[in-house]
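Since the structure comes first, as structure tokens, the remarks are kept for the end.
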Amino acid sequence: MILSILAATPIAGAVLLALLPREPAPHHRAKYVALGVSLITLVLSLVVMAKFDQDAGGYQLTEKHEWIKVFGAYYSLGVNGIGITLILLTTILTPIVILAAFGDRLPDPKSTNAYFAWMLAVEGLAIGAFAATDAFLFYVLFEATLIPLYFLIGSFGGPNRSYAAVKFLIYNLVGGLLMLASIVGLYVISARQGDASFLLSDLQNLDFSTNTERLLFLGFMAAFAIKAPLWPLHTWLPDAAGQATPGTSVLMVSVIDKIGTFGMIRWCLGLFPGASDWASPVVIVLAVISILYGALLAIGQDDIRRLIAFTSVSHFGFIILGIFAFTTTSLAGSTLYMFNHGLSTAALFLVTGMMIARRGSARISDFGGVQKIAPIMSGVLLVAGLSSLSLPGLAPFISEFLVLAGTFTRSIPAAAFATLGIVLAALYILIMYQRVMTGPLKAGNEGVSDLDHREMASLTPAIILIVGLGFFPQPLLNVINPAIDEVISHVGKGDPAPKTPVQIDESATQEGGHG
Amino acid sequence: MIATFSSATDLPPISAPDIEYSLLAPVFIIAGVAVLGVIVEAFWPRSSRFLVQAGLAVVGIVAAFADTIWVFTDLDKLDGSRLARGQVAAEGALAVDGPGVFAWGILLIFGFLSMLLFAERRLEGGLSGFTGRAADAPGSASEAEAIKHRVEHTEVFPLALFALVGMMLFATSNDLLTMFVALEVLSLPLYLLCGLARRRRLMSQEAALKYFLLGAFSSVFFLYGIALTYGYAGSFRLSDIDVAVTNRTGGENMLLAATALMAVGLLFKIGAVPFHTWTPDVYQGAPTPVTAFMAAGTKAAAFLALLRVFFVAFGGSSWDWRPIIVAVAIITMFLGAVVSISQTDVKRMLAYSSIAHAGFLLVGFVGAYAGAKDSSRITSTSSILFYLTVYGVSSIGAFAVVTLVRDSGGETTHLSKWAGLGKTSPVLAGSFALFMLSFAGIPLTGGFIGKWTVFSAAWSGGFWWLVVIGVLVSALAAYFYVRVIVLMFFTEPVGEGPTVAVPSVLTTTVLAVAVIATLGLGIIPGPLLDLAQHAGAFVR
Amino acid sequence: MFDLQWLLIAIPLASGLGLLVWGKEGDRFGHLIGTAASALSFLFGVVLFASLLGKDGEDRSQSTKLFTWIDAGSFHVDMGFTFDQLSGLFVLLITGVGTLIHVYSIGYMAHDERRRRFFAFLNIFIAAMLTLVLASDYLVLFLGWEGVGLASYLLIGFWQHKDSAAAAAKKAFVVNRVGDLGMATGIMLMFSEFGTSSIHAVNGAITGASGSVATALGLLLLLGACGKSAQVPLQSWLLDAMEGPTPVSALIHAATMVTAGVYLVVRSHGIFDASEAARTAVIVVGLVTLLAGAWIGCAKDDIKKALAGSTMSQIGYMMLAAGLGPAGYAFAIFHLITHGFFKANMFLGAGSVMHGMDDDVEMRHYGGLRTFMPITFATFGLGYLAIIGVPPFAGFWSKDKIIEAAFGENFWVGLGALLGAGVTAFYMTRLMIMTFLSEKRWREGVHPHESPRVMTWPLIGLAVLSALGGVLLVSNWITEWLEPITGHAEHEELAVPAIVLTLIITVVVAIGVVAAVAFYRREPIAVETPADSSVSIFARAGRHELYGNELNDAIVVRPTRHLTRFLVWFDGKGVDGFVTGVADRLGDTSQFLRKPQTGYVRSYALTMFGGVAVLVLALLAVTLA
Amino acid sequence: MTAFWFLAPIMVIAALGLVFARKAVHAALCLAVVMISLAVLYAAQGAPFLFAVQIIVYTGAIMMLFLFVLMLVGVDSSDAVKETIGGQRLAAGIIGLIFGITVVLAIGQTVSGAVVGLKAANGNGNPYGLSELLFGKYVLAFEFTSALLITAALAAMVLAHKERLTVRHSQADIAARRMREYAESGRHPGPLPAPGVFARHNAVDTPALLPDGSPLESSVSDSIVGRGQVRQGFEDDIDRLVEQVGDEQPRDESFGGEK
Amino acid sequence: MNEYITLSLILFTIGSVGVLVRRNAIVVFMCIELMLNATNLAFVSFSRQNGNLDGQVAAFFVMVVAAAEVVVGLSIIVSIYRARRSASVDEASLLKS
């Protein structure tokens, strides 16, 4: 029940906002209502976290109601460690985004209500998608997230926004519809083998022929690979991120795109372990290409937002690599990566968004020397950037390293090539930072003021989490680990054992100090 | 009713036919109300005739609908190889079975909503959307006089009811002769109604002419198909044909040609490629309420007839016709989706969209999955019934929106004029966007569930690759639906932008019903799906 | 007490972060707090070291686990530290020299409005460096490793308004990242091979693994070390790094951070012991860098760059020593420590000179400064004597031992090391002459003056250490102290007695000094830098840092840039072009398919009739075929 | 069979005539030929009732309706020689041939099975047999053909019938009104003078001349005046006439086609 | 029997080609009538072939339907003629593409 309430709260908030009368100029009411609702949701999610038994494993806080009997579709929710991590990410990021979006200048100032309503809708649908344990319900929510994002991009973005919005929608719809074909197939197979059911637990017991499993897997994978985005299906992301407002970009890249990678774990690996294994060589190659390709393209961008989008392509490559390496280490890394990447990309998008709003341009070449007049902003950008390049001590490092270390045990070439990404990451972030922030102040940047209190308030939680999780990732990993073990045991590919295992001598490392 | 007579020559008396009036009451109610309307037309004073006609039509439809519900719940359950309900009635002319009565229900709903649109008088300054005096040449002095005298053609209501009764018969005909008569009963009034627009009358008349000529042309092919079928099977009764087809008594060629020719007539009515050419022109030219009625009703009735003919009569030769229909389905989906991309007129765009939807419906049809006795799996029939419901309601809603976006020359259907509609009237644009999303098959709308059901029927019938093609085409189709949304919401209005007429409660009701149904069938489709499943298979 | 060794790190870290967050109010005390934090850490380090001295040999490795850092899947890393003989020495070096440099910076940075932040970064560096040396797990070491990289990045680019500083900072970070590639891959290899990345466990288990694993690990770690310690082929960043404030050059790019590579090799002695090939690679890298750095040092007119070249060269010595295995580990560390003293001393001295010369770094603008900056001259002179290896100053002892060990390994290696000593003497003498001894060449308006006491006291302190650093070798204390870690090596008998070798070295050094004097005292030194064309090819190559940058450009930078441009084009025209192309084709198709809708009812009928014909034919054909 | 072989060529030729006849009326007559021939074939195939209906209803009523409308629309209307749609005739011909050959080969030659004949079915007479079916099996269809007929009637009413919107005046009313107007305003109660009667041109576009030689405007139909088609160029004649007569008459300035 | 069906098919085909090539709406419509008549011939012939009167009933129904259709069609044609003064189907081509 608590999960339903959690998902319903932002939706209800969105409806409330839609019903609120439009206000003249400053529109404070809508903003505060939105912020309030998102904070309530955050609190609720913490309650969920508290109720969640870390050690128990499996799906918890479940609820199940018959929804569409003929289809065997259930309104069935439940979270495991992976789901709750991403729900937490969603609920943490939404207030941050909303607070940061207070200052967004919208093309139509009358549409503030709609802007925040759509954001809350995204949050609610995303929570639902992360909590769904019924394939049909998941699919519905997965696809439904397109609509609010479509309107967020199309109504509130830059000058080329409608092109970007349409591209975003059609691209994702193609994937989603291929997944629909698979969903239909699941239904038919499920109905053939007894009563139709879309429950994850029932679907996992289905017998597939090898070819059927592979076809169905491909449908799911297509949707997730586009969403995630995996090379070469990524081209919608730079366009969308280049046109959307920073808040929209955060919701899109940090939250919604995670449904793609999340879906790979829960649905691709969960339903089609054999096919996932079959496809893993290709997926791994694509993921490695994504990593390097995204990074190289990020180096070549002049638009900051497109740059960040391409860094995300690179990072999603890591996440997917970790998932399809099928080791507990890499999979835990990928899951953690989703969370960390969400935070670091959010910080990057938001702080650059504030910068861009002040400068009136997103072109790197228009900036220069901003550090001098906006030191705090530059500091935040640096921290966010360093987290994006996976500096040890910041959260993404741990996840990236886990992914690589796990992958290394499975495939040395893949890990080796992927590791090149960390050099390229340094290049794209530092080149951007250098050209934007350092050097003498460039003409035209005089108006770039430093962050104000509200903006700092919105960014601080993200920065604190990025740093904090860099040193103390264990609270999250403790939640994730049991779920990962279940996934890996379901896939049936155990971790490759170390070739020369070392019995870790506890006394040497731990007790020695007390001597 | 028909008295037996004995003549001088000692011929045996002809026994009176046995007609199940209670079972057929919905049909008779509508027919009766239509005839009553004609009488009202003749005798009721002009001043209040419009209200009486409209009220009569609406009340008649509501009554018939109520009776339909009763008939549906009361259908006999037949034990056969698979679940079926109902019986053959009226000396075997009609099959009052689950799918048929379900179709009656949705046809009556479509009729009801369309009648509300027919009766809308707020938009033209107190006059209906139909021409005042069709006999006047467009632009002539006498037309101006007719407008001045505020005359109206109230015959549209009985005509629409005749069309409606034709549709109901078409959906339940159990022999080909009745089906042919029903086809004509449904077509003739529609030909006529198409030519009665108040604005842009030349186009309207042209639409009527095209619809009529092409409709007559196609129905001749249908008829020849009937003739050949008769030649092959020696009977018009679907069940007899089935026996003949299953036994394969020779004359294969004749059967195949008959199948093809009958398909032509039916595919014409549903607007499948290459028999779709009339659709855009007629949809654009016809008065918008008529277009709505046609789009929803004709398609539903024709699909039921298609299913009935091909599942019941030609079910035994399904391996012969399925490949061809698959090809038709693919071409139809593709052409409908692709061509609508470049359309600039809303009504034409909706017409091409209806072609694309015909393709999707055909996907469900070729699955030809009839279900198993103990399984609640979606069948081709139930999927199409559901899809038709959703599509019909949504498209009536969409056309209702079209009637409201106007400029000085009446409805302004050029897409460029719709730019910025979302800013000026978000509710209207929002509901149109909802219908578009439903057409595109986005989840949480009825259209999504509809697509889902037809695809699952196709997959159940073994056509998984057709499902893949189908989903790809629906992505293509989605492109132009979202383009409309872009236009309405993300584009600045050109000039002053469109004006949105304030509709009366009638159109508002239609819109509200359509929006609620589109959303409701997307979120809780269970009850309607259960009903569609409950309808079972066709009786023979 | 050793359980609290994390305080060593925590104190400067807390101070650094606090100073960053504090805001403008902290400007008044920031530098003091920063210095105090460093000093506190030093004092605690001394206490810990002292208590280590009081323990038996076996108990001198004190580990503590702070918390479980990462536990995911089969991957487990503890945030653990080990205070042992090696790290103890480093702690003292880092915090000791660090504290002196903090003090120095109070004066040096007095007029910089962002001094508080400078101290914050210095503190963070100290914390990261301590993490590096105290880490008991390679991943924790990597944390410190990257942490010092970050601090280095921040400090090199401290004067961000200068484009050159920002570019140098970026370059340093990126080149280091290349090294980190090796480091990270090495840790992954450890994980996949041993299931752990604990330093102790890996070095203990390496003998059980195949030799190729040891070689691979060794080479990967060497790559990391090359990056951090500016060894060939990743040397190019160090000279650029001189863009940073001079205390930074002294602390990070001379005394501590750049020696981390040496520390890594020594710390991973187990791995290198197990692989002859890896050791050879280390020797080669060390020897090449030794000579290359010396070469560059001879040619540079920028005092800091000349010193940087020298640093490269000296670290080359250390690497060389480390590559010699157990025979050289201790001497590598010994030279590392003495180098830390005298090179920090000289950098700070150079900073003092620049301070007096209005931040001019061009030695051709100096000359005759000994009278104007007596203390600087004196302390610098002690450092000079130490580095060229004049007995009995610190450098003599350490370098002598390395050259000796090198001859023990291989004659040619020894010869190279010997040659390096001579060249060192040459370029350092050149530096002394150009800066302090020759006629004055500074421009009008420059008033050279001695630096304030807050700057000279650290100079004096370091000068003393430079002079007396050799005491560590008294009765082989350092080798014995480190023996539990580096292992014992039998002293190899050389072809000639050690004393003869020492004499030879001294002679070579003397030749270097004399050559420099002869070369630079013969005629006045030109104020303007001679054009490239007028100097020898050796000088030209040295000035251009042996064309390392050009090489990098040609091999890496430009291809990457071209690849990036190509990919941007490819992404737009190829990947996205395909998608948009499909969309465009659909649009065309749509326009094309509209055409049959002519509006003529007869053509519609024709279409229908055609359809009928096709349908009939198809049905007949499909079925009858 | 004789009748068939005699009539079949006639029917095909007549049908082709329908396609090729330039004048619509000829086409209609060709169709009538086909229909009547068909009636004979019906009779020959045991369908006497249909024979009668074909003659009476089809040829008699429906064909007459066609002719009637043809007269209405213009009996002389014929298709232009030039084909508006490029390739339409060729394509129609080719597809027609393909279709025709296919079906004739596939179906026309393969009707198998013995011909049962209608002896038994027509046992009680053909009309009886028909009515038995019509009022039995197909009673529902039969009933609903009434809907068709009503629709047809409505169609004719709607599209062709113009409802009178003003009160119809009887002759007496009109006469009374005219006399009243004459009494009140002096308006001439009789019919307007005919145009051109006394002029040299007696076309409708030429105004009549009054005895004094001046043209009488009101003799030309309003619609011709409205279209500006009143015959011009005779003023000179009158001027000349006047000159010849030598009598000075004031000319009506306002007269002329430009009016 | 084959010859009757063949004749019917020939007439049917000629009718359909006529629909395609004639431009006068009334003549086009007459061609459709020809097709209907051809169909009727098929019905009657098949009726004899099958030995039941259903085919004749069908022909009868076709005549009724044709009558109604003619009325509707001709009304439409007349009303178009009134507006355009032309009965050519090619003139009615406002609605296209």
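Every chain is named by a letter (A, B, C, D and E) in the order it is written, and numbering of its residues begins at 1.
In this text, a contact is a pair of C-beta atoms (placed from the backbone, for glycine too) under 8 Å apart; a residue touches a chain by one contact, two chains touch by 3 or more.
All figures in this text were calculated on a predicted structure; none of them were measured in a lab.
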Co-neighbours of subunit D and subunit E resolve to B, C
In contact with subunit C and with subunit D at once: which chains are those? Just list them.
B, E
Counting one step for each move to a touching chain, how far apart are subunit A and subunit D?
2
Centre-to-centre on C-alpha atoms, which chain is most distant from subunit D?
C
For which chain is the distance between its Cα centroid and the global protein Cα centroid smallest?
A
Using the average of all C-alpha atoms in each chain as its centre, how far is it in Å between subunit A and subunit C?
36
Approximate Å spacing (C-alpha centroids) for the pair subunit B, subunit C:
79
Measuring from the mean C-alpha position of subunit B to the mean C-alpha position of subunit E, what distance in angstrom results?
25
Could you tell me the distance, in whole angstrom, between the mean C-alpha positions of subunit C and subunit E?
95
Among all residues of subunit A, those touching at least two other chains are none
Give me the residues of subunit C that touch two or more other chains.
594, 597-603, 605-606, 609-610, 612, 616, 620
Using the touch definition from the top, which residues of subunit D touch two or more other chains?
84-85, 88, 91-92, 95-96, 99, 103, 106-107, 110-111, 113, 132, 137-138, 141, 145, 148, 151-152, 155, 158-160
Listed by label, touching pairs are A-B, A-C, B-C, B-D, B-E, C-D, C-E, D-E
Interface residues, subunit B side, partner subunit C - complex
209-210, 213-214, 217-218, 221, 252-253, 256-257, 259-261, 263-264, 268, 273-275, 277-278, 280-281, 320-321, 323-324, 327, 335, 338-342, 476, 479
Tell me, which parts of subunit E touch subunit C in their complex?
16, 19-21, 23, 28, 89-90, 92-97
Which residues of subunit D touch subunit B in the complex?
103, 106-107, 110-113, 124-125, 128, 131-132, 135-141, 144-145, 147-148, 150-152, 154-155, 157-163, 165
Which of the residues in subunit C end up touching subunit B in this complex?
583, 586-587, 589-591, 593-594, 596-597, 599, 601, 603-605, 607-608, 610-612, 614-616, 618-620, 622-624
Subunit B-touching residues of subunit A, taken from the complex the two chains share:
66-71, 108, 139-144, 146-147, 150-151, 154-155, 161-162, 165-166, 169-170, 173-174, 177-178, 180-181, 183-185, 187-188, 191-192, 195-196, 215
